[in-house]
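Quick notes on the structure that follows.
Going by the order they are written in, the chains are A, B, C and D; count residues from 1 in each one.
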Amino acid sequence: MAGSIYGTIFKISTWGESHGKGIGVVIDGCPAGIALSEEDIQKQLDRRRPGQNRYTTARAETDQVEILSGVFEGQTTGTPISLLVRNQDQRSRDYGTIAKLYRPGHADYTYDQKYGIRDYRGGGRSSGRETIGRVAAGAVAQKLLAELGITVTAYVSAIGPVEIDRASMDFAYAKESPVRMPDPQATERALAWLEECIRSQDSSGGAVECIVEHLPAGLGEPCFEKLDAALAQALMSIGAVKAVEIGDGTAVRAAKGSENNDAYLCADDGIPYKATNHSGGILGGISDGSPLFLRASFKPTPSIAQPQSMLGKDGQCHVETIHGRHDPIVVARAVPVVEAMTAITLADHLLLAMTSQMRYVKKIWETKK
Amino acid sequence: MAGSIYGTIFKISTWGESHGKGIGVVIDGCPAGIALSEEDIQKQLDRRRPGQNRYTTARAETDQVEILSGVFEGQTTGTPISLLVRNQDQRSRDYGTIAKLYRPGHADYTYDQKYGIRDYRGGGRSSGRETIGRVAAGAVAQKLLAELGITVTAYVSAIGPVEIDRASMDFAYAKESPVRMPDPQATERALAWLEECIRSQDSSGGAVECIVEHLPAGLGEPCFEKLDAALAQALMSIGAVKAVEIGDGTAVRAAKGSENNDAYLCADDGIPYKATNHSGGILGGISDGSPLFLRASFKPTPSIAQPQSMLGKDGQCHVETIHGRHDPIVVARAVPVVEAMTAITLADHLLLAMTSQMRYVKKIWETKK
Amino acid sequence: MAGSIYGTIFKISTWGESHGKGIGVVIDGCPAGIALSEEDIQKQLDRRRPGQNRYTTARAETDQVEILSGVFEGQTTGTPISLLVRNQDQRSRDYGTIAKLYRPGHADYTYDQKYGIRDYRGGGRSSGRETIGRVAAGAVAQKLLAELGITVTAYVSAIGPVEIDRASMDFAYAKESPVRMPDPQATERALAWLEECIRSQDSSGGAVECIVEHLPAGLGEPCFEKLDAALAQALMSIGAVKAVEIGDGTAVRAAKGSENNDAYLCADDGIPYKATNHSGGILGGISDGSPLFLRASFKPTPSIAQPQSMLGKDGQCHVETIHGRHDPIVVARAVPVVEAMTAITLADHLLLAMTSQMRYVKKIWETKK
Amino acid sequence: MAGSIYGTIFKISTWGESHGKGIGVVIDGCPAGIALSEEDIQKQLDRRRPGQNRYTTARAETDQVEILSGVFEGQTTGTPISLLVRNQDQRSRDYGTIAKLYRPGHADYTYDQKYGIRDYRGGGRSSGRETIGRVAAGAVAQKLLAELGITVTAYVSAIGPVEIDRASMDFAYAKESPVRMPDPQATERALAWLEECIRSQDSSGGAVECIVEHLPAGLGEPCFEKLDAALAQALMSIGAVKAVEIGDGTAVRAAKGSENNDAYLCADDGIPYKATNHSGGILGGISDGSPLFLRASFKPTPSIAQPQSMLGKDGQCHVETIHGRHDPIVVARAVPVVEAMTAITLADHLLLAMTSQMRYVKKIWETKK
């Protein structure tokens, strides 16, 4: 249980290190009969890929995916789907410094404490490249959700001090925005802020929000596997995330009940609706049919080009500068990762919730006896 | 998988409804050889119990726990520990209104959507009484952690607009504070705020923070079972929690890398330490030996004595007032629940992490061949 | 993970020791909407109960079950079902001998090796009373299966050298047979054999067979969770079972392919059928629509009234006689246990298999959007 | 949960079809610090490989393994180990007949019933090539066990009517025997029997036995995860296995308690031992320190060159002959598969059992605070 397997029915098992032979994922439990091609997955990997603009690392990887199993004649067969992305950029180099030093804000020290050994090349398993397996599996989960019309859309809502204007969000623009913000003005201010970060050899935190639409009511299990609890684990498991919020999130602590409760109203035609969605689409851990609203806060990239005080394996402190590729932010590239983890979690809960009522069980099985 | 089982090695299985025969938990996987008595568990249940002051419900329950199995001659035996708390307050009453209405902010509608049937008496499984099983299991986990000197301490950090002053926290005072705040001034202001809420038949949100001390480095699994991801699930699974933060939490999104990185420094005597703890004791999902710092934000109690627009099972909207016991806040009673979920998660990860190195495996088994 | 939790969706968590306060089980993941009463469960427990004739122990227990949660107005609600049976026969006695000795064929030595402590009273957790939790959970699983018309029927097929005559099985008689054999002649010979065992202060092995009818094709997961693999774990986990066979079982090793293959034939009306059922209803780990056929072989009860050489906690060997209640066979009382473990496993796989095809997923969810 | 993931701590996730791009496995939870090379794994794969003599299929595959992750500088790092074997023999051919027919004794019909679609090329996921993932993972498990001196040795004990002579087993000879029997005379008779099978276009069943030596006492969890229950699942999950026996297996049903109990005796020097090992090294589901003894019975290969009555997708019966490669037995090639599944199960239980006592927990963690 090194923790690289996730899910109960729709189970994913990711593997791979930054500078090993490749990165991949095995999906076990995907239902049979979903149309799936390498293009479906490649499209999402391309959104995650580095080197897209100057605010992300220049590492030249094409990250081509190969489907090794589980698909036959263009359809999933119900057996495990194995996806492989070979690492290309494995040029050997001198890792002398990084091999012997624990960098602030990185997992170097903790991996060594846990395992007594670590693959220090490019961060090993704790590298951002680990998210390739998540995004590839997420692409499959999104295909499953799409068959039911469920959509998962993430975007950048904050970079450093810059927040988007929620009153005028433009999702079409978000696809063009180099920082994936659905707001041209905020994008401009964010780019200025990032220039300043780059100039001062620094990096910036940010936030990614995610909206899920057309999700049926009834997903999520009471108690420990509440839908929000599952999503909290899913998003917090993405490297650099330090907070997960559902609906109004931290703002609820200053709210009153009369403000926070989402009243049920009935339209003139008698159709009921929730007047507001402070709950973010989840009540008692179960989806209520309104859109899900999630937010993840990302810490600034710990890799900065400034000299820092590091801990050596020799137990001494050393002031050093880490050379190499540094992203000033991770949030832009994290957008497809947040979508992927959300989609994977929802696919799993959609399948789980099929077993909640005896009349559903009968519906499926009675014809087969 | 109705989601009432939690953990990989230290596994808990909770059960029980608000107005059923009782509430309980079965713990499977607790190591043998830990001293355990009913008093150890009762002590924690007493901290959770309602009716302690006017800011919590007046329900008269003594919540006496009974150990039904797994303990012999005062010690855990390694077999399942079954704990039972009988419900006392089961007076029959007219549930007519609540049986037919979905209250705003409650799980009434979503349970019916999921299961097609719900035990509407007192909220059924979605009642706050469900946390009895968590607190009872948490008491056992805390006994395990205590054997290694690990301490878990939660307290209320915010109620409505009132926040504690972090510069002068007084943990001894927190035990006396009727709202469990480690700050006499904040307590006073919080009480005034709660009086106002009660007067206006309203309720208030708040926040609970938790600090874990003396935790070794090396707990937590990379990827999906990161220690912070596990804790995020654990805390978000508590009813009413809408946000979970680790370390600096949502504040990281406005921070720069140079500010957020915790530099390693060496003392004059050569002993290294982290200059700051923005990471909250976790790096790359693995504990770094510094104290853990967690925060959960709770929404205001949805039960308020005001008339509200509710949805009927008849599909119509009805403006009704729910009579009965209403807590103006849940955070004070949530303090032992947050401690319990944190302790249970750490106990599980402590056991999991024993298997991370071959030299540990050898240490245990070589003497037994 | 002390191993007392079983299942993926339909999950059971059993607990309890022979001479502790009680025995019980929590079922998590049972679908909502199944009619369930204490009588449904009591009926099965009564079949398992000791003291029914002179071939089973005289322990006077009524084993009354109490449903503590998860059922409302006579129906399962989808939340955990907690079932409790109090132990009545807890008279204190002198356990001096048994506390200090490891009996041959019992788990005394291995529990001490594993845990360093054991509840030696009546065998503790390794007692036959542990099966109460299994039978209680099995009664719930049988209710689920009954809604689809699936039946699970076990019987004794062998006791010592006596085997039933498979050509003339009489299942109605099996209910009357004091040894639950569907064969009056075999019953008579088995009783004679047991008299001889009792006279010589000895015990006897035996076998239980189980037939499942009206099971749809398509249950079971390829690879590690094959239906036969799951059933093998389920039956082998019953104390005293030393062999599990599916279909022709061990006889396959002497068979030829042309004999063992079940040819598909078509009736005059064109309806296809399997000419034989050597496979026992499972091909490639998946049910094929024919009846399941399982067999479990039970070792003779290790408790015999003869003097035996035992190992002391002092490391010395001691020849002692264990006094107390001894069953000459366990197979008769094991019949409802085999049915229970089979039913629990099938219920779980029935729920799991609902998620195997995208068209099933659509069938359930499309109406709920 | 398509069932291709196995284990609780030492978790394996296999994937791949007979005529897809490859076969592989991801191992999550292998402790860090075990020396591991591709040669370690290749050695076991070579033992499983077809084409070694005329009694196994002539398929020309070299089955070269590639370690894609989880190993650094020759040692396991604790992160997932991904192993890949590319399929070479993917020559396209006419699958017309097999695509439209369900063969007797094969999983063709059941896969279609379960998934509504199947990869019919060479049996797809239900092919014997699926065991490549098991053997590769087993090689890693064996490395782990070897560090503690535990050995796992399987051999063929029966082929058709030929059984080995247990009184004179020669394990050195078993490596030379073309049918992996530890008995030259039995080998000769088995070869004669197989010639007869080949002549008559038929196949034969057989049995594989497995002995585990130097296993410590204390492995296995009471109740559902008994060591024998886990091994029963592990072996029954191998295609073609129809019976699993532990110790005396099915013979226990005719035994008396006085015969079956393994008496504890003390040697002249006072050292205790078990006089016999009828239990096969497991009591109450927990290893007792004696050698484990397991037996799996394999059905005859269903692929035979005779005309057989098959079921068509058209619902009609068709008498057809399946051309292609047919093994007259599978047991010889199953020997490394049985060893692999045994080793994987033991590795998992070895890690699980580390958490059974609080004093073990203290031993590992106290030094790390």
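One rule holds for everything that comes next: contacts are C-beta pairs under 8 Å (C-beta built on N, C-alpha and C of every residue); 3 or more make two chains touch, one makes a residue touch a chain.
Source: prediction; values computed, not measured.
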Pair of chains joined by more contacts [C-beta pairs], B-D or B-C: B-C
Distance between chain centroids, defined by C-alpha means - chain C, chain D (Å): 26
Chain centre separation in whole Å, for chain C relative to chain B (CA means): 38
Rounded Å distance, chain B centre to chain D centre (Cα mean): 44
Sites on chain A at which at least two other chains make contact: 1-5, 8-9, 14, 29, 32-33, 78-79, 113-116, 125, 217-218, 222, 352, 355-357, 359, 368
Contact graph of the chains (line, ring, star, complete, other): complete
In the complex with chain D, residue positions of chain B that touch it: 8-9, 29, 31-34, 76, 78-79, 144, 147-149, 214, 216-218, 222, 350-352, 354-366, 368-369
Contacting residues of chain B [partner chain C, same complex]: 1-5, 8-9, 11, 13-17, 20-24, 26, 28-30, 32-33, 66-70, 72-73, 75, 77-82, 84, 113-119, 124-125, 368
Residue numbers on chain B that touch chain A, as the complex places them: 1-6, 8, 14, 102, 104-107, 109-111, 113-116, 125-126, 130, 158-161, 197, 200, 202-207, 217-226, 228-237, 239, 241-250, 252-266, 270, 272, 275, 278-280, 282-289, 297-304, 306, 308-311, 315-317, 352-353, 355-357, 359
